[in-house]
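These are the structures, in structure tokens.
Below, chain A partners chain B and then partners chain C, in two separate complexes.
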Partner chain A sequence: MNDQHLAVRGASKRFGTASVLDDLSLAVARGEFVSLLGPSGCGKTTLLRCIAGLLRLDAGSIAVAGRDISALPAHRRNVGVVFQNYALFPHLTVAQNIGFGLRAQGVRAAEAAPRIAEALALVRMAEFADRPVTALSGGQQQRVAVARALVVRPTLLLLDEPFSALDRKLRETMQVELKHLLREVGITAIFVTHDQEEALVVSDRIAVMNAGRIEQLADPATLYQRPASLYVLDFVGQSMRLGGTVSAAGLGEVTVETRLGTVRAPGAFAPGSRVVVAVRPEAVTLTETPPGGRNTLAARVSEVSFLGSRTQLHLDLPAGEDRGVVELPRLPPGIGPGSAVPLAFPIADTMVFPAA
Partner chain B sequence: MKRDPLGLLALPGVGYLALVFLAPLLLLLWSSVRGPEGWTLDGYVRLLGDPYYRGVIAASLQLALITTGGALLLGYPAAFALARARGGWQVVLFALIFLPLTVSIIVKSFGWGIVLRRDGILNWALLNLGLIERPVRMIFTEGALYAGMINVFLPFMVLPIFAVVRMLDPRLPDAAATLGASPWFSFRRVTLPLSLPGVVAGVSLVFSLSVAAYVTPSLLMGDRYMTMSMVMAKAFLNLRDWQLGAAMAAVLLAMALAVVVGAAALQRRLGGR
Partner chain C sequence: MERLGRWLSGGALALVILFLLLPILVVIPVSFTEAPVFRFPPEGFSLQWYEKIGRVDGLLGAIGLSARLALLATVISLLLGTLCAIALVRGVVPGAAAVSAFMLSPLMLPGLVLGIAMLQALREVGLRDAWWSLLLAHVVITLPFVMRTVLASLSLFDFGMVDAARTLGCSYPVALWRVLVPNILPGFVSGALFAFIASFDNYPVSMFLVDVRTKTLPIQLLNYLEISPDPTLAAVSTCLIALTVAILLLCDRLVGLRRLAPV
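Coming up: the complex of A and B.
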């Protein structure tokens, strides 16, 4: 991206001996929504707090709109934050919570009032203006938190697991609603989440984090179809993956011997390398005589899960690096736990990674 | 209306208080306006009409205000330090602040003697630092009295504030900062109002205790300094003047009540914004 709105360079942060951010770099374009996706404890909140100025980096720099803000305290950065569980001021009403930032920045009451009203209307909370925030539901509290952060017109909005306190049904509605609202406002936003489906819904690009580093930053389709590592492959979506050894290599393609048979995949590894081949569940079909350009394997079904619009077959594989999930639009007759099935998938869709 | 059976559990406690506290109190107030010849305000007239007693009331009030103010000034930041301290440090701070509670007032006053005497530690230190030329009289001065009173009553200020501050969400000041609030604005508009219930409890406690102080002033000042409690004791025990003693008790109670109610009202006004 050329129009870098946020640029984090070489960010490192330690707590005692634990390295929580490890030489991390991240660039976000103006108006873009980026998700930070990673398991609990990988440093997502720490990165947000460093960007907001609530924590100091040990090394590295943070620039917003070309200006280095690393040395500024939080209250001079103008970076908005929607906290996990919202951190609304419990002694203030909805309107007072939203007006807090304006008042803190010395905006006169006459100018603040219409901006508060506008923010209330934006999140459809106008009729709750004078309620205490403690009397609101989770979804309403989230809207107040968003309005409170937006009303001061931050240059960047950071949201730390904004949906984690909501139940599943409400979460799905709020994800779409919030994405739409932020797009309308035209702000640059970073969502933190540990839920890959949520990341796919709300963001333009997803940064997959692993132990204080960004493993891959890409748009959802690339992340799904071309994961940069086994870690990303496993974190985003499901797959069938088989450990094996490269038996032949050449012309940008490798041949791998796996427990279930020989697999060819685009890639470059020296013969003898330990690798893992993988394919996404929906790329696999059950045919004994497939058209050309496909790998074929024989496997046994251990479990069948009906998911409505599709059916998942779990394959009988020994525990370890092998994992087998295949998805079919509908279950062919006669297939159930214990059935032997022929698997076919395009060589072009087969991925190969160095074994972990 | 449905009755809450759990409410019955409060009965023993309420009954006990009624028996040992409320009944004697009412009896006392009664005896302050009831003489051998019927209703009378004689006790109050003699108390408030006498410049000596007015002086005692003023001195007690001043002592209580200075003690409360001093304990608040020292105790408020101490409560925050205690709430923010981690692991071992919290234990050390806790011990420093609350150990005095476990030491008898007699031991404490002996300790103050060692520190404040003419040949005491403080004089010795000041002399050696060259800050004074000859030993200064410290014990039996009002400065020593205030220091001693604050020492005795500080835990009663720290504990309720600590209990409230400990429960404050540390992300609230964070949220305020990301909204552009300076540390001072954030303290004034978020931390202070949310910590007020603790301050009100602490101020009420320390004022009520220190306005009625008896032991500490008499140990540190001797007979020359009279507090309301000392006058009360004298009236009851030496002069056998029940009316005067009871009137003094009523004035004391009224002052403590005024501060407790006033502090609560102040909290309601400041807390709502």
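Coming up: the complex of A and C.
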């Protein structure tokens, strides 16, 4: 990834005494989709607003296509933004909304008209050109917002929780549609979201943020299968996790004593260390006679949730750092709340983290 | 039963509207009377009282003064009021709620109190000129009208739109002009309208601040009534009604009455 399109270096931002961005660095390749994922207050929206120029960094720099834009005001950065509530202009029609940026940049009307028509066609809103934006549905408003941001040919597109205003069904359609559209345009895009499923769907890489820093930046599969920390493990996807103490270590493998039994996992910790072992829900099977290379534990089911394509078992674990969710393609007969179940999962899929 | 209730409430509404409107409507025919006294129904038809407006000493001057005063006070209030409202809505002011309540307080204050207070304060600092005293006092009177409507419009305004305009290539002032101003225009227009009228027909405050040569229209009218109560007053009133209707129609054309007076 030496084709760096966006490069944020050492970005810091404080509001009063609160540090919102803490020496954060981020590099995004041309044409890449990166999500900034984190809970509210982690600094993701602040980072987005700093890149857009709506906020100034206290320290650090932001470069787009090799050019430092840190000192430029928002209107001279040519960075497109799709806002959370779309921020369409209610006093203008759809076409006028899309043409707003062209007019602001002094593009002549004769030249602007075909570009507006092209943008309308791109988001399949051509027949709505002369409607007031207030008469549009949520999904249509989003398309107008995207077209308005793209028509000025920005060097970078920033999207702040673009799907949060849509209902669930529409959100899933729009996620795929928007990803496809942006890919077609070939633009580099940064999504801000607190929804991990959305991040997994739309991004090439995900930056999980925590307290003004990037905890891990990786592609969705790596993030899910090899989370760098307990924070990432908990934020992305579900898991069964058990606290324990390392009883033996060697040859890249540790043995951990947990409340439910002994677990082996690839890793390097000194004996006596407090750790947390974890496994993703779908890696677990219910069997008393597993093939080799697996950990086995016995647990009790507290609740069963039927999710359609799969069924979740919530395990009865004491409160604290233990959390137990197991997913099965189909619920075996005779298993319900209170049942004792034998759990098996591959040692290779077992993760181990230092206890928080 | 339900139908009876509807008839009753409808009837009450009609009566109240009639009660509010009749005295105003009576003035119009009276202004065209031939008789030299207020009498309804009017006798004959003449335009003599309209002619007389120009001949009554000081009446045209008072109309001009009141118009100038109302216009200038409204413009000053629009500028000041909008800037104050932006500051209050954007939350850069500590205790914004208390400050905005204070700025709206002249609406609740009896005009007499305000008039006496202004007179005392202005004379205290050595301002004796009637015109400047009136202008200052009328800015105080009109400011809350502008503040109230602009604050209401701004509280519904999404400042994210200004951000959007900035990322699309507008500098901050241009973004305000092209996005904020068109969206709060109804607030501007209705605020200006109320402000203008509040200034134009203010009596209790102006009363304390006028002098012999500088008299506003309401004061001049009352003076005239005391000397010679003839239908000239009805003619002036009819002109004012016509002016008000014209302004309302114009505003309706510009922004729509529905947006001027949201229920």
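Following the convention adopted for this analysis, the second predicted complex is superposed on the first by the 356 of 356 C-alpha atoms of A that agree within 3 Å, B and C clash if a C-alpha of one lies under 4 Å from a C-alpha of the other, contacts with A are read in each partner's own complex, and residues count from 1 in each chain.
Everything below uses one rule, namely that a residue touches a chain if its C-beta (ideal position, glycine included) is under 8 Å from a C-beta of that chain, and two chains touch if they have at least 3 such contacts.
Everything numeric in this text was worked out from a predicted model, so none of it was measured.
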Item to complete: After lining both complexes up on chain A, report clash or fit for chain B versus chain C.
Response: clash
Worksheet item: What is the contact status of A:A104 with respect to chain B (first) and chain C (second): first, second, both, or neither?
Response: both
Worksheet item: Is A:T173 in contact with chain B, with chain C, with both, or with neither (first, second, both, neither)?
Response: neither
Discussion item. Let me test your reading of the model: by the given contact rule, A:T134 touches which partner, first (chain B), second (chain C), both or neither?
Written reply: neither
Practice prompt. Considering only touches as defined above, state whether A:Q225 meets chain B (first), chain C (second), both or neither.
Written response: neither
Worksheet item: Thinking of the overlay built on chain A, is A:Q96 touched by chain B (first), by chain C (second), by both, or by neither?
Response: first
Discussion item. Contact-wise, after the overlay, does A:F83 reach chain B, chain C, both or neither (first, second, both, neither)?
Written reply: both
Worksheet item: After superposition on the shared chain, which partner residues are touched by A:T287: those of chain B (first), chain C (second), both, or neither?
Response: neither
Worksheet item: Residue overlap on chain A between the chain B contact set and the chain C contact set?
Response: 52-54, 73-81, 83, 87-91, 100-101, 104-105, 148-149, 152
Worksheet, complete the sentence: Interface with chain B, chain A side, in the complex: residues 49, 52-54, 73-81, 83, 87-92, 96, 100-101, 103-105, 148-149, 152
Discussion item. For a test of understanding, state which residues of chain B touch chain A in their complex under the given definition.
Written reply: 169, 171-172, 174-183, 185-186, 189-190, 193-194, 271-273
Item to complete: Over in the complex, which chain A residues touch chain C? Could you list them?
Response: 52-54, 73-81, 83-85, 87-91, 100-101, 104-105, 148-149, 152
Discussion item. For the complex, give me every residue of chain C touching chain A.
Written reply: 158, 160-161, 163-172, 174-175, 178-179, 182-183
